[in-house]
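A short worksheet on the structure shown next.
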Amino acid sequence: MSVLVDISHRQGGFAIGARFESAGRLTALFGASGSGKTTLIGMIAGLIRPDKGRIEVDGRVLVDTGAGIFVPKHKRRIGMVFQDARLFPHLSVAGNLRYGRWFTPPAERYADIDAVVDLLGIGPLMNRRPAKLSGGEKQRVAIGRALLASPRLLLMDEPLASLDEARKAEILPYVERLRDEIKIPIVYVSHSVAEVARLASDVVMLAQGNVVASGPTEAVMQRLDLLPAEERGEGGAVLDTKVLHHDENFGMTVLGSAAGELRVPQLAMKTGTPVRIRIRARDVMIATEKPRGLSALNILPGTITAMSPGEGPAVEVGIDCNGVTVLARITEQSRQALKLHLGGKVFAVIKTVSFDRANTGAGLPAETGG
Amino acid sequence: MNWLLDLTPDEWNAVRLSIKVATVAMLASLPPGILIALLLARGQFWGKTVVNGLVHLPLILPPVVTGYLLLLTFGRRGPAGAFLAEHFGIVFSFRWTGAALACGVMGFPLMVRAIRLSIEAVDRRMEAAAGTLGANPLWVFATITLPLILPGLIAGAILAFAKAMGEFGATITFVSNIPNETQTLPSAIYTFTQVPGGDEGALRLTLISIVISMAALVASEVLARRVGRRLDIE
Amino acid sequence: AEDKVVVFAAASLKDALDAVNKACEADVGEAATVSYAASSALAKQIEGGAPADVFISADLDWMKYLSDKKLTKPDTEVKLLGNQIVLVAPKDSAVDTRIEKGFDLAKLIGDGKLAMGDFKAVPAGKYGKAALESLGVWSSVEGKVAQAENVRAALKLVSTGEAALGMVYATDAHAEKGVKVIGTFPEDSHPPIIYPVAQTADSKDKDTPAFLKCLQSAKAAALFKDQGFTVLAPSN
Amino acid sequence: MNWLLDLTPDEWNAVRLSIKVATVAMLASLPPGILIALLLARGQFWGKTVVNGLVHLPLILPPVVTGYLLLLTFGRRGPAGAFLAEHFGIVFSFRWTGAALACGVMGFPLMVRAIRLSIEAVDRRMEAAAGTLGANPLWVFATITLPLILPGLIAGAILAFAKAMGEFGATITFVSNIPNETQTLPSAIYTFTQVPGGDEGALRLTLISIVISMAALVASEVLARRVGRRLDIE
Amino acid sequence: MSVLVDISHRQGGFAIGARFESAGRLTALFGASGSGKTTLIGMIAGLIRPDKGRIEVDGRVLVDTGAGIFVPKHKRRIGMVFQDARLFPHLSVAGNLRYGRWFTPPAERYADIDAVVDLLGIGPLMNRRPAKLSGGEKQRVAIGRALLASPRLLLMDEPLASLDEARKAEILPYVERLRDEIKIPIVYVSHSVAEVARLASDVVMLAQGNVVASGPTEAVMQRLDLLPAEERGEGGAVLDTKVLHHDENFGMTVLGSAAGELRVPQLAMKTGTPVRIRIRARDVMIATEKPRGLSALNILPGTITAMSPGEGPAVEVGIDCNGVTVLARITEQSRQALKLHLGGKVFAVIKTVSFDRANTGAGLPAETGG
């Protein structure tokens, strides 16, 4: 699966010139408000005809202005969850959900209506009209509608923005299942680092219509300088780990990674399952001696390989823990107090409870992810 | 009531005929009406102004002129009339079908306008959304556009029906006034108005015509409201 | 129109009356304003208070309608013009016949229609029906009659070939190139065709008598005859 | 061209008069048209069906009947006519104002329908939003509803104008066919069709009528498109 | 300033019966998707007529079904930022912004158009039509439009949901300034604990149409059990502190609170300014002996006063630090390992960098806030 976009386009005073290629399972489009995310996926969906350029999905040329190719939207089989839900006002929720099924060859229908309805918690709404739904309910139905058309590529335009955390946490695993079990490739627009880090195999970062960075999530997320100042603490290392065993007593799961063992709140996954975790830079403390009498359970020994001033009083410290880089964000005062220097031996200290659900996702099997 | 319904057989026939003619005129002009409305609302083509003008012509022309033009075109010796009669066996001249044609033509601009207005009010982003779900333009039209313009369709249809119930000038000029065949209510009313002392008869038929049209009107309102409630505008 | 004589006249008189009006301009002082419409409409308008000085009807009924309501000045009422009913066919028609008692009109019409004015409402239609009744052929052709809104419409039906035959005024048939006259109905087969004229009761314009007088003058008569009317009022 | 424009003074007057009558009819019926359309689209009141029926009446009735009813009501001797003449000095009978009244009445159902359809398509949540910003219902109407229904208003107005250009039956019945005063183009055309050899004259006037109406139509389309672009549907 | 709501209402299958009273500057309405937040503020704005009940704002009775009182929306002078921006499609951005000014008596206009435009970053959009804006741009214009009507009470329905963090961080201080400088009371719908904790003086928590908790933010935020499971780590102590001094060297500010001194990234506030900070439970570690060689700078001594099992492996520990309760969220395993017990003396350890902008807001002056 691959998406290739190489277009340039003007709309009004806004010029977009984006080139990226992603072979990822879930490619996140990340960027500030007005940076052109919606415009870009509109082009992939066939809603906007770029002035110039080429779009390919899985080797199929959808747009090639040079050759005069423009596959109409209904022939692309690309599902779209719009930023504004755009439900059909004359159809009930059930009618909206079923709409796309008519146009899917039965053999290619992979989405099951009951499962989707269950998951999205929209069972009680089935006979309602869209006008009688709350904002979040609308968005959930819109996700269901796009899914049930069983598209070959799913575009999601900030699908979770209007949902509360509880609902987000419920839906995120399903997005992961789409990605990993149904193996439907997804292009996911978001401005949440947490979502991106958790879900994406690849990230494309947009600023004012231009691609400023793109590549595997691990790589892009480590470049804290690219993140907006407010989000830097959210960035950090993304580790691919495996479930080693469960500690039923304390309700924890022990993950194995190159950096060492990590104890996280229990995951409902079998031993050996790959798990991806994000370690927020701001959740990592540095200790020069192995801490004692401290509630933090994860203590990884390592060597300082990088130090760079961050925003304000912060310093970003890269710690190589047996080949894996963990990022820590501490104050300049602490750096001086602890006399940290490149090559120094230290311990990265991480609380178990920092691995909440937002940071722990189903891992991407080894052969993919960039 | 007795006075009102104490009609001669010819008058009863006129009532029946009027309903038939108006219904057929309305139904038959719906498909071309939708098509032309779509074309005018969405199309970008050379000659759109001409099509638009042609559609409005029956409104602009005195009905007698329209009737005469129909006579020249769809009459026995008119080009279209001769062609249709020869190849499809459709004859308009002096038939109720001709009355329906005249009424349909006269109501056409009203119907097209109503439908066109509704089409222009449709949120095209809904159609785009349907497209991404795999619906081709025809399906999009049938499943999204058409339901959304239903109130406009109903309004257009009822206008055409009402117009057909009142149409007289074009009809009588085109297919004349033959009892049981082309004598619609307005023709019968006209006859009454042309004789001294015919007022009472004219009044009676007029009232009947009003009752029928009002019934249709109320039905259309109920229908439109039900459709509207389904659409839940707020 | 304030100072002008206002004439309400049956629409079929337009050509003739326009000519007469022009000819009379000098006599009356100025041309009259003429409103042409159906006699029924005009009569009702006069009843509704129309500012008409003169009413020229296409039949006696509507004149009587007004005079019964005392809306005309009875002493001014004059039978002005006469007309004839003729049988017409499309120009390329092969039909030929003599119009006489019991002639086989139904056969001549064949599958087609006989166009005539509405026989309840339009004067020409009423006269036509009376003529056919007195000739004993009405019942055989009644089902083939196509009633038109007025004589002109009936004539159109014939000239376009829609109707096989038509019954119209001689004055109309006379100038229509698309039809040919097959015959004239005998004068005695129908009530006399009369265009009466009268001054309205509300008429105030001082020139009205002059206009009425001119209508009945010899030069008017000549113009009326040009259009095919027979002139009934004695020329003075 | 020369042949087309070689008109008698009376005919020129008819052209001028028709434009005047149609324009006045259109403009004068806009305010009540908007009001009634609002009432029908939004109102919830007893007798709504009756109002709706009354509005449609001119469509249902043969024009001759409408004209006759106008004569009875607004004529010199009619109740409304006498009242208006006495208290406001407004006289309809056998004046061009009467022709405008007749044309306005005949076009009224068309105008109301178009406007009503647009009102029903307005997103009422926009009006609610304006309310929270402090606009009272009147302001909301003027600043939100009215601009949003502009395309419908234009459509309604042009329908009324076109109808007025073609209206004949009610006009000639109500105000007769007096040259320079009430003889509109359709009446003049009618007169031509009533005399032998009048076809050419009728054709000429018909063409002129078409040209005028088409010009109005094109203007309305351009206007509507400009308004529509301002609204940016999609 | 006070808002009193006591209504019961049915719409379709959904029944809402809410009673709360808030004298707060900024009252947050917090609850899951579909819990009735939009419905409730719709009633305050006058968009929905409750079946039964009473609504008062600042002593003015807006609704009293018993007495047949229902003040129409345009007479309430209550501004509303809708969940879906609802911009007027026929007006330009400038026209939308200026709309409300027409209806505000000049003397009561407190909002300045240039300032608002600047703040929201919508200057370049002024001549655009709403249809040509991105999702986030629309929402910003909607906020501006409501503000510029200079309302007496501002209702905001998830106004920041479709904005990126950078934009959120820019707008939040303005919301604070509205609250503190212009002193416009605000009712703020949100499902983000971070936003609520930062902004709200009072919180009303809704679940399925019912008020499950309401009161001052400090009190409600400590009740982690009321938060959705996914958000519990986000909850925690809300402390009102004062700026003691700035440490220019390290770019830090030292705050004084009853619990002790706290070092946070430098704030642009004068000495003595009240500051409100949130200490997320998940950011607090517990140490039984004073840690050494650790990068965390804030170490507060205290006594364990409460321990309750949280979600999964977590235990929530309340630590009384000189009269102020700080909440910590640790694992059961740590609790056992450290032998924590009620009454035990411990240290609460908090990193300076956990006080990012989302946690640090302008404090509410002492006389208000509940």
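As written, the chain order gives the labels A, B, C, D and E, with residue 1 at the start of each chain.
To be clear about the criterion, a residue touches a chain if its C-beta (ideal position, glycine included) is under 8 Å from a C-beta of that chain, and two chains touch if they have at least 3 such contacts.
Since the model is a prediction, treat every value here as computed from it, not as a measurement.
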item: Chains touching both subunit C and subunit D, listed by label; value: B
item: Reaching subunit E from subunit D through chains that touch each other, fewest steps; value: 1
item: Touching both subunit B and subunit D (chains); value: C
item: Chain at maximum distance from subunit A, centres defined as averaged CA atoms; value: C
item: Most distant chain from subunit E by Cα centroid; value: C
item: Euclidean distance of C-alpha centroids - subunit A vs subunit B, Å; value: 57
item: Mean-CA-position distance for subunit E and subunit B (Å); value: 60
item: Distance from subunit C to subunit B - Cα centre to Cα centre, in angstrom; value: 35
item: Shared-contact residues (touching 2 or more other chains) in subunit A; value: 132
item: Per-residue multi-chain contacts in subunit B, two or more chains; value: 64, 68, 125, 128, 169, 190, 193, 233-234
item: Complete list of chain pairs which touch one another; value: A-B, A-E, B-C, B-D, C-D, D-E
item: Touching residues (chain side subunit D, partner subunit E) in the complex; value: 125-126, 128-137, 139-140, 143-144, 147-148, 230-234
item: List of subunit C residues in touch with subunit D within their complex; value: 1, 6, 8, 11-12, 14-15, 33-37, 41-42, 44-45, 48-51, 150, 152, 171-172, 174-176
item: Subunit D - residues contacting subunit B, complex; value: 49, 52-53, 56-65, 68, 109-110, 113-114, 116-118, 120-121, 123-125, 128, 151-152, 155, 159, 162-163, 165-166, 168-169, 186, 189-190, 193, 202, 206, 209-210, 213-214, 217-218, 221, 228, 233-234
item: For the subunit E and subunit D complex, residues of the former touching the latter; value: 45-47, 72-80, 82, 86, 88-90, 99-100, 102-104, 129-132, 145-146, 149
item: Subunit C residues within the subunit B interface of the complex; value: 38, 40, 43, 61-62, 64-65, 113, 115, 118, 120-122, 145-149, 153-154, 156-157, 160-163
